[in-house]
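I have a structure I would like to understand better, so I am pasting it below and will then ask my questions one at a time.
As written, the chains take the letters A, B, C, D, E and F, and residue 1 is the first residue of each chain.
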Amino acid sequence: MGGTPLPDGIKLIDENGKRLDGRRPDELRPLKIEAGALKRANGSAYLEWGNNKVMAAVYGPRECHPRHMQDPTKALVQCHYNMASFSVDDRKRPGPDRRSQEISKITSEALTHVVFTEYFPKTSIDVYIEVLQANAGTRCAGLTAASVALADAGIPMRDLVASCAAGKIDDTVVLDLGKEEDNFGQADIPVGYIPRDDEIVLLQMDGDLTADQFKTGLNMAIEACKKIYDVQRDALKRKYTLPAGKTDEGGGVN
Amino acid sequence: MAKNVMADLKRDHITKLLSKGMRIDGRKFDEPRPLTVEKDFVQSAEGSARVHLGDTDVVVGVKLMVGQPFGDTPNKGVLTTNAELKPLASEAFESGPPDQRSIEVARVIDRGIREGKAVDMEKLCIEPEKEVWIMFVDVHAIDYDGNLFDAGNIAAMAALKCAVVPAKRAKKGEDYPLPVSHVPISVTAVKIDGHILVDPTYDEEIVAEARLTVTSNEKGDLCAMQKGGSGSFTPDEVLKVVELSRKIGADIRSKI
Amino acid sequence: MAKNVMADLKRDHITKLLSKGMRIDGRKFDEPRPLTVEKDFVQSAEGSARVHLGDTDVVVGVKLMVGQPFGDTPNKGVLTTNAELKPLASEAFESGPPDQRSIEVARVIDRGIREGKAVDMEKLCIEPEKEVWIMFVDVHAIDYDGNLFDAGNIAAMAALKCAVVPAKRAKKGEDYPLPVSHVPISVTAVKIDGHILVDPTYDEEIVAEARLTVTSNEKGDLCAMQKGGSGSFTPDEVLKVVELSRKIGADIRSKI
Amino acid sequence: MGGTPLPDGIKLIDENGKRLDGRRPDELRPLKIEAGALKRANGSAYLEWGNNKVMAAVYGPRECHPRHMQDPTKALVQCHYNMASFSVDDRKRPGPDRRSQEISKITSEALTHVVFTEYFPKTSIDVYIEVLQANAGTRCAGLTAASVALADAGIPMRDLVASCAAGKIDDTVVLDLGKEEDNFGQADIPVGYIPRDDEIVLLQMDGDLTADQFKTGLNMAIEACKKIYDVQRDALKRKYTLPAGKTDEGGGVN
Amino acid sequence: MGGTPLPDGIKLIDENGKRLDGRRPDELRPLKIEAGALKRANGSAYLEWGNNKVMAAVYGPRECHPRHMQDPTKALVQCHYNMASFSVDDRKRPGPDRRSQEISKITSEALTHVVFTEYFPKTSIDVYIEVLQANAGTRCAGLTAASVALADAGIPMRDLVASCAAGKIDDTVVLDLGKEEDNFGQADIPVGYIPRDDEIVLLQMDGDLTADQFKTGLNMAIEACKKIYDVQRDALKRKYTLPAGKTDEGGGVN
Amino acid sequence: MAKNVMADLKRDHITKLLSKGMRIDGRKFDEPRPLTVEKDFVQSAEGSARVHLGDTDVVVGVKLMVGQPFGDTPNKGVLTTNAELKPLASEAFESGPPDQRSIEVARVIDRGIREGKAVDMEKLCIEPEKEVWIMFVDVHAIDYDGNLFDAGNIAAMAALKCAVVPAKRAKKGEDYPLPVSHVPISVTAVKIDGHILVDPTYDEEIVAEARLTVTSNEKGDLCAMQKGGSGSFTPDEVLKVVELSRKIGADIRSKI
């Protein structure tokens, strides 16, 4: 967490229990997902979540390069998370930094869990997550979009992964931190969750939490994931039931 | 091998149509694809645009940071153009540092902005020899169906036109609009089996023998040019592409 | 292929034992390996420690250099954590720049130190906005038998605890002990065939479905967490690991 | 173009129509080419053009590495243009920068056009251009030298490529810009040309030109390429008709 | 050599002929070697020499990667010398620098001489030298440790290589320079030597020496190598004759 | 495989000749190849030379830039030596960043210049602790027929001897000749089948068991030495090479 003390006179939660952007503690930012946003990729999804804009593309299953990484018994799910240089206030140097490599790794692991990798031995399933505009919560946004893109690519999956973070601001456990909350907050708990099986496939935490607060936050994130899961399914349904050619506006929670 | 066979079949198909005066997507030889421009697409950038040129989808973000001028231009801002051709956008792109293709795209777009004097770089000087604005133009391919040169140039110009110099954030006075003086527009044509086609799709690009990008300004003057591919142009073909580019460029300029 | 056969046999052996409540090295499920900590192992470092956690052998050196603060924390020192997982320590490691595995190890250890507020970073400020101490925590794996997260965390904390700020060498006044305020300790558990085991060996790591590292402080509060591996945990399993980690963490803390 | 305004009192073309180094607008700088300047390479050429000094070496056709770049139907012509660190006033960091990578690409493409690549499937023909002293016009100098080196290597070619730039200074279209003209001029048009077939294989332009000025410049460059072509052929003739062991002084236009 | 003039009032050799740390000119710093210090490696050795602490590990013979480096007739001995970032006063950036690459090369060559590489065609024998604490003489320490690690790995060897440097301080030829002597001294001569065959397999020199001084220094280093050779053999004997499980304290010269 | 066969044949041929006291190019064992030195070959460099040593062709350029001194030598210029062994010069060289071979060549040449005190580095100080001249010595192999150590050393010394400090261009006063105090010369010998040969060709290098470079100055004192190759020298052979190098070095020095 930023750990920076909040500038004087600013409170992250006001006397009415409302947050800077007017949300309640357990309220998500608006979320819209569009499945199949790209032509070239085998599957794709475009997501707007609060002020985040994220594109996910899936290519594969295809021959795995380099060869020595091939697994003779299953497909390799390789996620490449990237932030566009202009997605943040201070321009980010192009290319993978340590943070994005860590996120790529844990996202790959979370997605591997839901893909029937054993159906496609020796192949690679490549997932590209491009953060075009970043505003806290991009790893959850990326994982959520990537799940939809995998399904859009027709890749056999156990289930979708939904992802959302809980956090702590002003000593209160809240859902889905915004940018200021992330900068000046006390803790962040990104969670990747599979509703059908009640399983956690991504989990990180940083900040300062009592064990009880953690438990509260974890549950809050799980409940939110269930809602996000519905938005994901809606996006896929909309794509596959719309008359061909009709524009897809993207649906969501508001 | 399989790839070569497919390419040959594609080439046969495309050239057979061309000999009848037709392109695979029904366009005329001198007709660019439909263009949509969405300005201010990215809030975190100082200026941005998303451009669809047919099925090619490009996002450009412009960022401005305070930095030092070059020694030989002490009273001018600095322009840096970068193109990201990542596997998100196409199977044809690979991970890793910029390859020759993305360097060429970036440098041709850069040359258009720079030589076309798109931005009044002297107005990006804060204190001569000490501090100037460094302007980063980052071109991200999102979906690639050919002709990133033009899609990127259009998106870059649209992004520059709506960009604001973030002087306040940097404690350098009040924000002001980026001083855009000219709007150089590039138009790219390819040569396939002796035919000259503007704004090639990906399929046309891979069967093309040669490519020529011509960037011109409002007056119809030329500011940048780049030939690519292992084929050749006759001098007359070059002059024909120059004329096409000036004409089509004017049309595109009116749309951004 | 041969590798896969070996891994399968190993998995069979380990899970068969687990189903009888036994681990391959005879430990209980919630029992970490024997720990030895040798502080001040390296004289050239400002603080250092060599830690054996079972057969895992790690050396951590802490170096402090004068440098510039980050813009958003003008009155705080800077922490940089790096992990070297080199082929010296295991056939499983490769030469070259840090890969995702070593980056993850470094970042999880870093997060523990940083979020656990191990060091009072404000006391590493020399002159606000101008000069602060840059603190490098370098984790070198020497012999790798699993669980570098915890071995590295323990060695890092031990090294920090004996570190001295070399102010005199840098002509910034008198040397003083590094201001260590808290001792966040990480405990890692893996899940194999539904069983939760703490402090996995290398063999346990490679057959494990999922991994969870939980870092807690003296009060039993949580400061960092990281799940790894392509398997999953139920919410109850997560809470169980949290409890184990707080308990075992307190025990480890008393030893360094 | 440098775009820098010319220092006071300096004119790039004087009242007599002469340029800083005394040349007429359509006059080339002195050019000398020596074919076969190196022992190790399969073919080579050393060129001095104005104050440029360029060495070109050709190796191949030889097995193409890495393998995945092999073309089963033809040879790959790979040019590597490099400026020595001491070839310019401010020392250049060793290794390829973006400019040299672009030049390598367009030079490779221009040379590919003239080589009968289909005679040597799966192979690579590697062309190394080393600029030892740079004084404007090095890409044209490199392409001109590389053509001779390819011929010297005995590689079957449709024809030689000759290369020269036109440009604009003091609002006048001129040939073959020198260093000051390049720094303070208004436009530069490097051209690679095959006289026999009247074909343009390399073309770039930067600066500010009317369409008419461009046409004038293009023609001027083409006429110059025809003269350069003669110098190239002379260099090759001299090498292959000289008695063995006789020193080759290099011939040229002066 | 540092070449820096010695601070006023400090002499590297005092009036009694003693050096800063009390040694005589031809006296080695204390040396301890422990064979088999690591579990994972096929062979290993830990060495403390003066204030140097060095770990060496050997893996192989094993399949050589990348393949194109394989030698069909023999094993490739590849040494990787590395200084830990905290092994020196000013933190060293991780990763190989030019100095460590040079040392890796000459150490590989020295070790290649003693290994029966022809017994293991197509394989690689990888030697990792990690300097944990550096205090002058690390390349000799590394080579000395690596020899023991190779033997500990059971790799058939002609003989062990022993290594030690001579040097020149205060115009006097001395053995085994310490850190201050290295910084303020006049010459350094690292030697790698095989006592049994009286062969020199590593030799460098830098500084300023007359031919006679060099001869004296070379002989002094050779004599020291013979003593070091005994310490190496003792370390191996101790490892292979100790009752299993007994702690190995490491022996040496004091 | 083919390569190995060729190398074996070459070795047989060379060693058979050597046993009769002959080298493949007719030279005596202690005879270097013909040397030509062309100074001031490159006008853009502050000093330069092209050297042919037999068929080995090397260009060295010296550049001087204003920069900061190292902390421990505040009143001395900085020397940086770099060797480019690029595929232009030989099939034996590869593209890419400097490999161990080119690093070794650069460092041995650097050590000769540095330890031989070729340049009075104190005269390259502009203002102590603030500004000094950074001297870059760049060695480019053009045509490679063995022994780049000596060809590079000779070209470097010739380039240094004709170099001028470009003080005027940098606005640091008047230009002055680079202060060259000493001329350290390296001589390299190889051992093949027990024979010691100076100035090896490429063919001799690849069959050689070991290599020894000895750099000496005008007084015949030694300033640098480097053994290479997986073979060995006896102490007597080392001393023999030292004597040869001092003698031949004096001869070479007189030619540049």
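Assume a residue touches a chain if its C-beta (ideal position, glycine included) is under 8 Å from a C-beta of that chain, and two chains touch if they have at least 3 such contacts.
Since we're looking at a predicted model, the values are computed, not measured.
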{"item": "Distance in touch steps, counted as few as possible, from subunit B out to subunit E", "value": "3"}
{"item": "Most distant chain from subunit F, judged by the mean position of its C-alpha atoms", "value": "A"}
{"item": "Longest centre-to-centre distance from subunit D, chain (CA-based)", "value": "C"}
{"item": "Same-interface partner of C-E, chosen from the options E-F, B-D or A-B, over half of the pairs matching", "value": "A-B"}
{"item": "Cα-centroid distance, subunit D relative to subunit F, in whole angstrom", "value": "32"}
{"item": "Euclidean distance of C-alpha centroids - subunit A vs subunit F, Å", "value": "58"}
{"item": "Distance from the mean Cα position of subunit C to that of subunit A, given in whole angstrom", "value": "27"}
{"item": "Centre-of-Cα separation between subunit F and subunit C, whole angstrom", "value": "48"}
{"item": "Sequence positions of subunit B contacting 2 or more other chains", "value": "none"}
{"item": "Multi-partner residues of subunit A (at least 2 other chains)", "value": "none"}
{"item": "Contact graph of the chains (line, ring, star, complete, other)", "value": "ring"}
{"item": "Order in which chains appear around the ring, subunit E first, subunit F after it", "value": "E, F, D, B, A, C"}
{"item": "Subunit A-facing residues of subunit C, complex", "value": "1, 4, 72-73, 98, 100-101, 103-104, 106-107, 111, 114-115, 117, 212, 220-235, 238-239, 242-243, 246"}
{"item": "Parts of subunit A lying in touch with subunit C, wherever the complex brings them together", "value": "1-4, 72-73, 98-99, 101-102, 104-106, 109-110, 112-113, 189, 194, 197-211, 214-215, 218-219, 222"}
{"item": "Subunit A partner contacts - residues on subunit B that touch it in the complex", "value": "41-45, 48, 55, 57, 59, 61-63, 65, 82, 84, 86-91, 95, 97, 136, 138, 140, 142-145, 169"}
{"item": "For the subunit A and subunit B complex, residues of the former touching the latter", "value": "38-41, 51, 53, 55, 57, 59, 80, 82, 84-91, 94-95, 126, 128, 130, 132-135"}
